[in-house]
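Have a look at this one.
Which chain is which? They are A, B, C and D, in the order written, and residues in each are numbered from 1.
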Amino acid sequence: MNFVNGKAENVKIAYVGGGSRGWAWSLMSDLAASKKISGDVYLYDIDYEAAKRNEAIGEKFNECENAKARWNYHASETIDDALRAADFVVISILPATFDEMESDVHAPEKYGIYQPVGDTTGPGGVVRALRTLPMFEYIAKKVEENCPNAWVINYTNPMTLCVAALYRAFPKIKAFGCCHEVFGTQNLLVKALFDIEGIKCADRRDIKVNVVGVNHFTWLTEAKYQNIDIFPIYKKFCEKYVENGYMDPNQFHKWDEDGSNVWQHRHKVKMDLFLRYGYIAAAGDRHLAEFCPGKWYLNSVDEVRKTWYFNLTPVSYRKEDLKNRLAKSDAYYNGTQAVSIKDTGEEGVMMMEALLGLGDMVTNVNIPNVGQIPNLPLGAVVETNATFRTNEVLPVMAGNLPTSIYPLISRILGNQEIILEAVFTRNLDLAFEAFANDPLVTIEREDARVLFDEMIENTKEYLKMYNV
Amino acid sequence: MNFVNGKAENVKIAYVGGGSRGWAWSLMSDLAASKKISGDVYLYDIDYEAAKRNEAIGEKFNECENAKARWNYHASETIDDALRAADFVVISILPATFDEMESDVHAPEKYGIYQPVGDTTGPGGVVRALRTLPMFEYIAKKVEENCPNAWVINYTNPMTLCVAALYRAFPKIKAFGCCHEVFGTQNLLVKALFDIEGIKCADRRDIKVNVVGVNHFTWLTEAKYQNIDIFPIYKKFCEKYVENGYMDPNQFHKWDEDGSNVWQHRHKVKMDLFLRYGYIAAAGDRHLAEFCPGKWYLNSVDEVRKTWYFNLTPVSYRKEDLKNRLAKSDAYYNGTQAVSIKDTGEEGVMMMEALLGLGDMVTNVNIPNVGQIPNLPLGAVVETNATFRTNEVLPVMAGNLPTSIYPLISRILGNQEIILEAVFTRNLDLAFEAFANDPLVTIEREDARVLFDEMIENTKEYLKMYNV
Amino acid sequence: MNFVNGKAENVKIAYVGGGSRGWAWSLMSDLAASKKISGDVYLYDIDYEAAKRNEAIGEKFNECENAKARWNYHASETIDDALRAADFVVISILPATFDEMESDVHAPEKYGIYQPVGDTTGPGGVVRALRTLPMFEYIAKKVEENCPNAWVINYTNPMTLCVAALYRAFPKIKAFGCCHEVFGTQNLLVKALFDIEGIKCADRRDIKVNVVGVNHFTWLTEAKYQNIDIFPIYKKFCEKYVENGYMDPNQFHKWDEDGSNVWQHRHKVKMDLFLRYGYIAAAGDRHLAEFCPGKWYLNSVDEVRKTWYFNLTPVSYRKEDLKNRLAKSDAYYNGTQAVSIKDTGEEGVMMMEALLGLGDMVTNVNIPNVGQIPNLPLGAVVETNATFRTNEVLPVMAGNLPTSIYPLISRILGNQEIILEAVFTRNLDLAFEAFANDPLVTIEREDARVLFDEMIENTKEYLKMYNV
Amino acid sequence: MNFVNGKAENVKIAYVGGGSRGWAWSLMSDLAASKKISGDVYLYDIDYEAAKRNEAIGEKFNECENAKARWNYHASETIDDALRAADFVVISILPATFDEMESDVHAPEKYGIYQPVGDTTGPGGVVRALRTLPMFEYIAKKVEENCPNAWVINYTNPMTLCVAALYRAFPKIKAFGCCHEVFGTQNLLVKALFDIEGIKCADRRDIKVNVVGVNHFTWLTEAKYQNIDIFPIYKKFCEKYVENGYMDPNQFHKWDEDGSNVWQHRHKVKMDLFLRYGYIAAAGDRHLAEFCPGKWYLNSVDEVRKTWYFNLTPVSYRKEDLKNRLAKSDAYYNGTQAVSIKDTGEEGVMMMEALLGLGDMVTNVNIPNVGQIPNLPLGAVVETNATFRTNEVLPVMAGNLPTSIYPLISRILGNQEIILEAVFTRNLDLAFEAFANDPLVTIEREDARVLFDEMIENTKEYLKMYNV
């Protein structure tokens, strides 16, 4: 890497999971749009052909009319090749296949346990962690060997535990995890400002928030716009809309009553949580609901849709969607569809720029607790704001979890710590204790064990390290 | 108070709840047996006649042959009279009557929520706290007025929250809460030592333990006897007995299969928890079960008895038992039954002696967290060991909660903090959030609210401060 | 205040000490240059005429060609008038007169104690604090009455203690202290980068630093530019220049051998401290030297100049300079000299903008320790980076003081805490203990007391609250 | 080791420095007097003959009429032989010889730096640490190899740093440091109680104290006897005696005006410190004076004796005294003098008993800070009370250092941390920074370096690990 005229050139990025059909293209778009950095991206994927194909697609971004930076894409045959001397490592992988995810998400349904996402928490999140964290242990060791000073940016779920595994495997790693769920909540606050007070805020970044919690179960203890405290406004907003949920008049033409839009939600869970606890839950409803006892928001498929106005995302949908993404990949590759540079709303490239000294940034991020949330255990990965500046990510003092939400979050964080310990000691019995204590697992212990064992069996191909 | 020949004379004790038929007599026995302190006990009770009667009964302890100290008993007509210039304040009250407790314990049963005790946690614990804590707020204010330097010893449940309320109402109070549940676990360890290794330990006090947690959900992270680490021995013990539970051959002649012995238990919950988490749960099974999700140990009356080998304690039993205790009070008062000085196993009087500089003591106690458990919030009341020395109770550094039990305990402690806040802000909606998040409340939120409202209604005579 | 088109209008600033001849004009310049805020400035000063005069001068800034914002200036007859409903309060006062400062700085010289500045630490700093902190206690109470939600920005020395006094008098105050000394060190690092490596960095703001310590005795534990760690470069720079000190070839035409330039220094103390401790001392040498034992850098006037290459700043110089500034005030007022808008290098106006949600900022600031420096006591005012965002200043986790500098800084911070306690308890004997333990006070205790008493006597007109 | 009838038999103690003429005999006496433990003592010394001789002397203690326990003494030829499978390791060594100590204590005098002891702090303490800590690093490694579960009890100075070195070399070591200086202060408080109030307290153990600080610079923040707060009494005592110092009428027949009694002192420093800071300095005046700036109490030999009423202890005295002790060793060995069992006032054997589960104990001890003093850095060795129970030493929460003494102690502790770092990184330049920042080193830096280099040169035979 070298700096010329205030720009960083020859920046080397390693992308683990670089065969992605989707997220990779967002990164390519953001990189192409950067006015500050350029260089090389090394794509590593266990599906080498997919990486190879993205190498070609990446090149097409350079040719976009509005491209600001040139990036050379290289498919790497080994992870060592990709990581060697990297400045940044991006990790965005699918741990195993959608078949394993199908077990994660749907196997529990026979016990009345419903998971709208199933990749972070709940029974599915536990089992996903069991197969994913050993991969992160491996990646961390490879980072230690090849590029110990690189900044490692994770986008993979379960976010909190993936980041925790990186630090546990290589304590000196410089890693953090990024998630855009808080951004969505900022966007909702923009709408609330207008809906209740007629105030127009053009950019969710102007909504300044203090973030506490764990990924996907993040909460805002403050939210401000200019000289305005948003909390009383949001309270009115919630009281107005909590019964039927809020639909952005501009965003949804219609509400899919049949649930065919698997992502839709009306923020009702979020508003319900605000009215209960007095703080702003800051993630999509599908995620938030998973962290609460199953009978609160996930009692039945029907209730989810008709009462809480969101949908479960079946893995069959993801499988179908993958076909569309593969087709899109073909189209990009063959040139039948042109790539284009858009505003993705992601902040990864801005973070890289900030870490290279090209502009300060304060945003929410997942890193170990060194005191930014004093009433949570030190060392556990938490989500708060942090400052991104030249070669450092330093958390902002976010303060204690408020009393009303402390038990919800500390329970989740504690379960996550158990899973981490279970993975690194290869102890499935201990992992089961986290499973049994998960808020969604309101069934009897014996049944929980049967379910756990079944889910392990279903995904055993990826769990050999536990000697199953 | 004055000291003569190494003994403290004219010690003044105020006993709030001094009309008690039971616990008061234990205290009288222990006081009479003290070789180090003597003085006056002022009995205050909302049932003045009961206090008056205990005044007479107390006098009889002075006449026991083996009495070592003389104590003058006085029934006080007002709490101010009792507290004025007290050196020690003992609080042991029944908040409201057994009718209210009947609602606490049994109203939830129609939703399949079973509580073996119902005075600490669970739906009953929440509602009991709502009516009890304002009393403690009042007592703390009275202590501040009358005897701000007195040591206040609480025996009332919910223990943790009663102590927390004292500190919240009068932050400079010198208060702590005592509980003997850990002693019972030490006694079990004595038996395990003998059963597994043939080692005879004569006194549970020789089992040295490190205590962490909250009252009735306390855990031992270390247990040692002489040069022996008890953990591996206890593990064998648990593996031997977990299936059928342990019955002390000397203690129980028979096991009441019909559950007529409402206190009996075979430690099966305790052993199950050890085998799951690797640390020793240190309270009676009836208590421990209440802190765990309801489907683990309290799924049905039948399962409790036949699978887990303990019994629920119905309030009807307590009502019946009260009649026996009233009869005993008559007999003591009339002299048809003689009082006697026995080893009660309680430590209250030893603590008083230690606080007067007459002997150091290390034992478990409930006080605010000033860092003795670093991974729990500062200020919350926790149970750990503490040193009792002249006019000070200083906690011992107990260390972090271990990973495997952290989420169970932090959730409980967090719920308790919510209740405390709800009581002091007179906010029943907030209290309901603790109720809804209680591990035993695995029902739907709407049902939970109906139940909560019913339980409030049932006990509303004692909840006027909430404007119900 | 209201927002129009992304700008804040009708912002109300109260300026305590608004009769200033110097710093006030810098603020006026920065305010006039703001593209984001406009409104009213209320000038309060115990010298009302001075404030009145600045009211007129302020108006002239509005007329500058390059003025971006209009500000209305008002001299206030009472502090209440100035503070009422303020959004921001700026405090920049001279506590007492230069006569008192003359005693602070020069009275100790007869004992061989030399203070280059004498307004922060050392005997002069102690006595200055004794008369200044009661003023800040008063101001804080006035803020509480008139504008409890205002942000209070202090520029007065002793910085740390002034901010601490604000918080002690009104714990909910939103106050912080600003100082530009770190900026000067960043500028030196810019020069070191070029001198050693030929690297051109145009703006000191691109040197990203992690700041720890107390005001004027701040240290950088990290300093980076783009992908460059500056520490090894600065080490070479120090080794190159430590003997004769560094003179910027562009900045100084000549070195005033006679010491007539009372501000000049060659960074030799700073470099010496780096080579000793391995961390970058980040304030002017005149300040840094005062925090070290007197025989290290301040052994004699001659040694200061000939060995350490800096000068003491005699108060006679300040008195003379005041005349110049009064003349300048006349000239501005009469129009014989035109005011002009310049880059002052100060950040106060940017901070205000950030606090109004008009742009995030990360910079160094003096606020109470809530954990940003874990190995210093909580509550004490420290200097670290913080994030400035809408209505919040949240410290960045700066980390522990490194081992090598911990004892130097903890001693100073501890002395400051003693002074704070002494002021608020009006206890001059306690204040003397801080005086006696000051690093510069290497004389015998009896002599120290004589000196202290003399300095108290000299300034007693401003110390009546101590009943002297 | 095994337990029989509540006693521990076959306890194995390794004594590093077991050739001692003095302290060893105290330990032998205490061991012989124990009613609870017996076993073997392995004496290791670099002077094997001295150990051999103590082996024989030890045997004589068994023959005392009032011996309660039999201990077999064995001189070990290697440290491994001594440590193998030890239950306890006692370390009490003289690092190097009195020739080196002569340099430590007296070399600085030419610069006007006087050290009454010179083994803990001051220039002598620094240089002594430099040669002693590598020995402790070695011992810790040997403990790790031979008896990692043994309890290691250190009596060697510099106490704090020796214990710190043990933990740094072998972090899982179970080590603590014992010192009886606090006991002496308790004895003084016994006398103050009687002198001021006529209260007779028979045993200093009944004076209950809360201890904070570092070894030999320990302070009491509370001191109580029965229901009496000793602070106001001690204040009167200090005011009565501070001018001329306190002499126990029973203890000293006369005051050696010529200073020939090198241990004598009249507690004047201790009383002066109390009156200054409001807390009880709790070590001998000779130690306390060393931690304060040299001009406070150690300005000249004459002033020490005539103003402060204590004496410096010249190493010539120690050399002379050693001859007496060698003669005593001869006499014991030859039987011309009989050994006898006395109350030594030391607590080491009681601690061993407590660690074996034979009685709880609360006393002051030197161990790493895990939060017992929250405003000092975690990990640094501090002195506070701790509970000694079966196989555990858990510190009592001592609370923050009070404001008035914080800067004195944090400076010392910080210097000690620098020395520790310097030793383990073999960095004499860093060690010099602690030397230069020592309160006694009030001379110019250049002179300090000359002195330091001389002292290093004087003792270089024991400093080879630094490549000097």
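The working rule: a residue touches a chain if its C-beta (ideal position, glycine included) is under 8 Å from a C-beta of that chain, and two chains touch if they have at least 3 such contacts.
All values reported here derive from a predicted model rather than from experimental measurement.
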On a CA-centroid basis, which chain has its centre farthest from chain B's? C
Measuring centre to centre with CA averages, how many angstrom lie between chain B and chain D? 43
Can you compute the centre-to-centre distance for chain B and chain C, using the mean CA position of each chain? Integer Å is fine. 56
What residues in chain B touch two or more of the other chains? 374
Once you draw an edge for every pair of touching chains, what topology comes out, line, ring, star, complete or other? ring
Spell out all pairs of chains that touch, sorted by label. A-B, A-C, B-D, C-D
Can you check the complex and tell me which residues of chain D touch chain B? 1, 3, 8, 87, 206, 208, 210, 222, 224-227, 229, 356-358, 360-362, 370-372, 374, 385, 387, 389-392, 394-399
Can you list the residues on chain B that touch chain A in the complex? 276-277, 293, 295-296, 299, 374-378, 400, 403-404, 406-408, 410-415, 417-418, 421, 430, 433, 436-437, 442-445
